[in-house]
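The structure under discussion is supplied below as structure tokens; questions concerning it will follow.
Order of writing sets the chain letters: A, B, C and D. Residues in each chain are counted from 1.
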Amino acid sequence: MTLSPSSSRQIEILRQGSGAYHPVDPDGFRHYVREHKNRALQPRLMTAREAVDRFVADGDYLTYECNYLMRGPNAVFHEIIRQGKKDLWIAGKFTYVDVALLVDAGCASKIDCGFFLSAPAVDRALKEGRLQVYEYSNVIMTLRIQAGAMGLPFLPVRSFGGTTGFDHSGAKLISDPYTGDPITIVPALNPDVAVIHVHQADIYGNARIFGTGISDVEAAMASRKVIISAEEIVDTEEIRRNPGATSIPYYAVDAVVSSPFGSYPGTCPGYYGSDPEGVFEVFRAVMGNGVPAYLDKWVRPFETFEDMLEQQVGQAKLDAMRANEVVKEGYSA
Amino acid sequence: MTLSPSSSRQIEILRQGSGAYHPVDPDGFRHYVREHKNRALQPRLMTAREAVDRFVADGDYLTYECNYLMRGPNAVFHEIIRQGKKDLWIAGKFTYVDVALLVDAGCASKIDCGFFLSAPAVDRALKEGRLQVYEYSNVIMTLRIQAGAMGLPFLPVRSFGGTTGFDHSGAKLISDPYTGDPITIVPALNPDVAVIHVHQADIYGNARIFGTGISDVEAAMASRKVIISAEEIVDTEEIRRNPGATSIPYYAVDAVVSSPFGSYPGTCPGYYGSDPEGVFEVFRAVMGNGVPAYLDKWVRPFETFEDMLEQQVGQAKLDAMRANEVVKEGYSA
Amino acid sequence: MTRAEAFSDREVAMCQVARLVEDGRTYWAAGGGTPLYSVLLGKKLYAPEAQYITEDGVIAPEPMLPFEPMMTMVASRAVYRALAWGTMNSAGIHAQLGYMDYGVLNTLQVDQHGNINSTFLGEYGGAGRRFGGPGGADTIAACCWRTILITDQERRKFVREVDFISSPGFLDGTPGARERAGLPEGTGPWRVVTPWAMYDYAPRRLRLMARVPWVTVDEILAECEWKPLVADEVQVLEPPTEEELHLLRTELDVRGQTTDAAGSWITWDGEKYIRA
Amino acid sequence: MTRAEAFSDREVAMCQVARLVEDGRTYWAAGGGTPLYSVLLGKKLYAPEAQYITEDGVIAPEPMLPFEPMMTMVASRAVYRALAWGTMNSAGIHAQLGYMDYGVLNTLQVDQHGNINSTFLGEYGGAGRRFGGPGGADTIAACCWRTILITDQERRKFVREVDFISSPGFLDGTPGARERAGLPEGTGPWRVVTPWAMYDYAPRRLRLMARVPWVTVDEILAECEWKPLVADEVQVLEPPTEEELHLLRTELDVRGQTTDAAGSWITWDGEKYIRA
């Protein structure tokens, strides 16, 4: 029944990838938390403009949750493009159009690839050397973020071994000191900044997400700077009424942005369905060469995302999206 | 910004504990799941007697969630004692009286120690060589279970290094291949059987837990055999109405036991408060030499836990416990 | 069940996969599109007790059909009436634990050992064309017990060695190659389904096992750059039924998104099926 | 604030710890009992914006006081009006991430380097007495930035080297010893509080820094088997106030569970405090 620990003094590294990866530094992350994360219940409500200005820096490693079509943090996403952030390194898991938008807008120069829609804009950037891609997969990316969210330097994983991506990544295949079997380990990811759209948050950042997700909580806990955009700002009394519904605790959050319809043209499940026209439009733009025109129509002319919603989308369409979301059960606390 | 992977071919093991540990075998666990876990939606409702008879074997590694005083799976716990299971190896995290009860009842012969109430019965068993203790801590135990729940052989951790417990455990201190810094890793724990008391479950095992907990979900996912006892059996339609409230999915569960007041004399938060008299009685029994008398009064004379509740506790007290639980908010879906 | 008289290549593939769906088993359907539609078709017609998850960790939903365009994950209709809601990590971890019987994938390129390329055609880093990457397929192919791959029957898709292994098959095809790479023991590719054919592995090398009535083995092999093994007896697959197509067209792929660029159209001329 | 005139040894210790509680900081209070009561006392009287968690992952509750007997975790009154509910792993992980400023612990035995024994008195595995083990204290002592230890001022509790390190202090006291053992950088013991005294570290060795008015430095040192360093100027601590004791007795330790076996009783005789 029991197994004696092996007395070996070494663990073999059987194979390792040669890809660059965002630096692993759990102690550095801890020091950052100690110095910069506000453990007091002080309001952190601000505009998307202020949040992006204060918390997204050129060169940052950025993760955003879900994607442009599904509960994406699109108000903040637009603001990043509007402010012309540069040289972002993107956690490209579960993305569709997002990577192409950020790359063609000149914001992103490195992608850790889980999945993104291959598009002319991405191809061009690759060929012109404006973009570097590192190879992972969706779950490997979210497990890297989970490792970061646990304060660990790495995590063993059961996939990714044997792939070509492995060789172009930060992964290592080691001999498991407990079983002797080969096992892959991947470097933890602690992004500089996470951008997450949620259903409800209070002014301190206590946030509720309903429905399924990708790695919202993990990204919030793993990232140095966390921007939450919320469909609804709720009272802290409401948070305290049902603590089981809190997905992200305030102390991980740096900015809360009130952002109704913040996932337009995508869906915010339980609150509104997607705008199929808007979805097809961004798809067509990305799959063709239409990103600049798309940004010139939907992003750049507006001071704020709210202005865009008001002037470009209009209340009637927003009302229709809301009405189109017939499923409500499970999307409240 | 980027860090080149080290080209070292080895990871140093700087120090390792000499304690025995439950065997690490993630592939074996997978095969068990494939062969024995029912992925079909077929009812698995049964009595505590049947569940313990079928799913708790002598010599099993057993974890139970919470403890005898707080949402403990006491109906199943009593049944284990009643059926005279032997040689159990117990995950002794966040326990108070539980370890002493199981040891003095002759059921347990090995404990992985996080915390348990030191008691004469435990001392005696240790001195007589009937009991072996392996040293961990509460969080290290729940992280070991989390490693098991992720299908991994081990997990890095940020505590436990430097302790004497480390030397008497299955932990290893290695040189982190990503930072070069020393980091502790601990062996995953995949118990043979987990016993968990929940607020609500359907007949297939989809289970809801409200309030805080220890490692309920992790234990369910990490364990080969899983017995759920539930305050309420709810319809699967109710589960489907709010899938966000499901803590444990049916396919991890082998037995569902309907067990109202199944945590007596402890509390099931939101449903009933504890019975202070009953709590003091078990404390006194454990801290003195009263375990046999306690079992002879509360466990052994009864065919079932329900019989005990009816004959020994009585409806009036149960009603009072229910009435005494004034906090309801947050304890429903 | 009535044999249908007109359908597309891709509809054929989805119907074949649907018939592989087994009651009481768990399926991880990659992304949206053909894998998800195939599993749903199988569940609705043949195996009501089959259960599935998707990359957003939804467990055993009863989706409100049809989906909104492209909204097959993190969308209320897609995750409707699930038994549990989760995350990408919960989906990945349940697969790591061995809870997922089958993974269903589609891809760009597959090789003789079932390795999958969805990343790069050409020499990686050199000239060539970049694609989207593995997405969830890497974990599906690594951790589900068996994987079913859906792809088109095109020469360039069946190659000796993929240019880039995005998701693992049997790797170099030697016994234990997956285990030596750290992958869970006993897992691997199980079937490849195209509009023309079905393949299995014998034991770790792709083998043509069945064909549709309207193409010959030679025609299939002509559409494989690297020739697979061929079973001693190549079975003949049943064409789609009216029931399958009705469900597919009215509840699943209602906008023809997956069948848009779905190859040829096959029709019954009164005596036999012919490809347009 | 009114100086109280009668209180127990253990009440003194809890009041001293309460005064260390800082606004806007996070506290992980071990188990129930004195650590939790001390933090709550400090929060209610001095630092309303201090927040705490316990081992069951509750974040910043506003508990309904008093607790039911022994019900300080996984109980509805204890976790009432929290900002979030979690698990033991979420508590441990948030501490691993550096979110917990202070850990508050009690223990059996502490040594010159702040190492804590709550497992075994005597030679481990030989004769001696077994205790309950570290519980959550190992992770608290490893991962919170600073730890505050509450214990009794008894000779056998202050030793040169603990018989068993259940939870880490500065280990062998050499610079970097914790980091070499894999513990997070820059963490460690900060204060030890007894009913008679308060200690800090200079820098990694226990140092007597303050005493209560009714005992002398010599009396304290007599109750240390291994003598700590002594600060050049040993400060004098303020006795408990009526406000502190009122809150402690009416809302927190209402049944006297923690003060039951709480050492001596101290009273004001009109001129000075005397120990009974």
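Quick notes on this one:
In this text, contacts are C-beta pairs under 8 Å (C-beta built on N, C-alpha and C of every residue); 3 or more make two chains touch, one makes a residue touch a chain.
For clarity, every value in this text was computed on a predicted model and none was experimentally measured.
The set of chains touching chain B and also touching chain D is given as A. On a Cα centroid basis, the chain most remote from chain D in this structure is C. Averaging C-alpha coordinates per chain places the centre of chain B 40 Å away from that of chain C.
Centre-to-centre, using mean CA coordinates, chain A is 34 Å away from chain B.
Rounded to whole angstrom units, the spacing between the C-alpha centres of chain C and chain D is 60.
For chain C, the set of residues that touch two or more other chains comprises 58, 79, 82, 85, 96, 184.
Among all residues of chain B, those that touch two or more other chains are 26-27, 151-152, 157-158, 181, 183, 211, 241, 243-244, 330.
The touch graph of these protein chains has some other shape, matching none of line, ring, star or complete. Going by the touch rule set out above, the chain pairs that meet are A-B, A-C, A-D, B-C, B-D.
Across the interface of their complex, chain C is touched by residues 66, 69-71, 92-94, 96, 113-118, 122-123, 126, 133, 135, 137-140, 142-143, 146, 157-165, 168, 173, 181-184, 211-218, 267, 269-270, 273-274, 276, 279-280, 283, 325-327, 330-331 of chain A.
Those residues of chain D that touch chain A in the shared complex are 23-26, 49, 51, 58-62, 79, 81-85, 93-94, 96-99, 101, 145, 184-186.
Interface of chain A with chain D (complex): residues 26-27, 29-34, 37-42, 149-152, 204, 206, 221, 236, 239-241, 243-244, 246, 249-252. Looking at the complex, you find that chain C touches chain A at residues 55-58, 64, 68-71, 73-77, 79-80, 82, 85-89, 91-92, 96, 119, 124, 129-139, 141-143, 164-168, 171, 177-184. In the complex of the two chains, the chain B residues touching chain A come out as 1-5, 7-13, 16-27, 59, 89, 151-158, 170, 172, 174, 176-179, 181, 183, 185, 187-188, 210-211, 241-245, 329-330.
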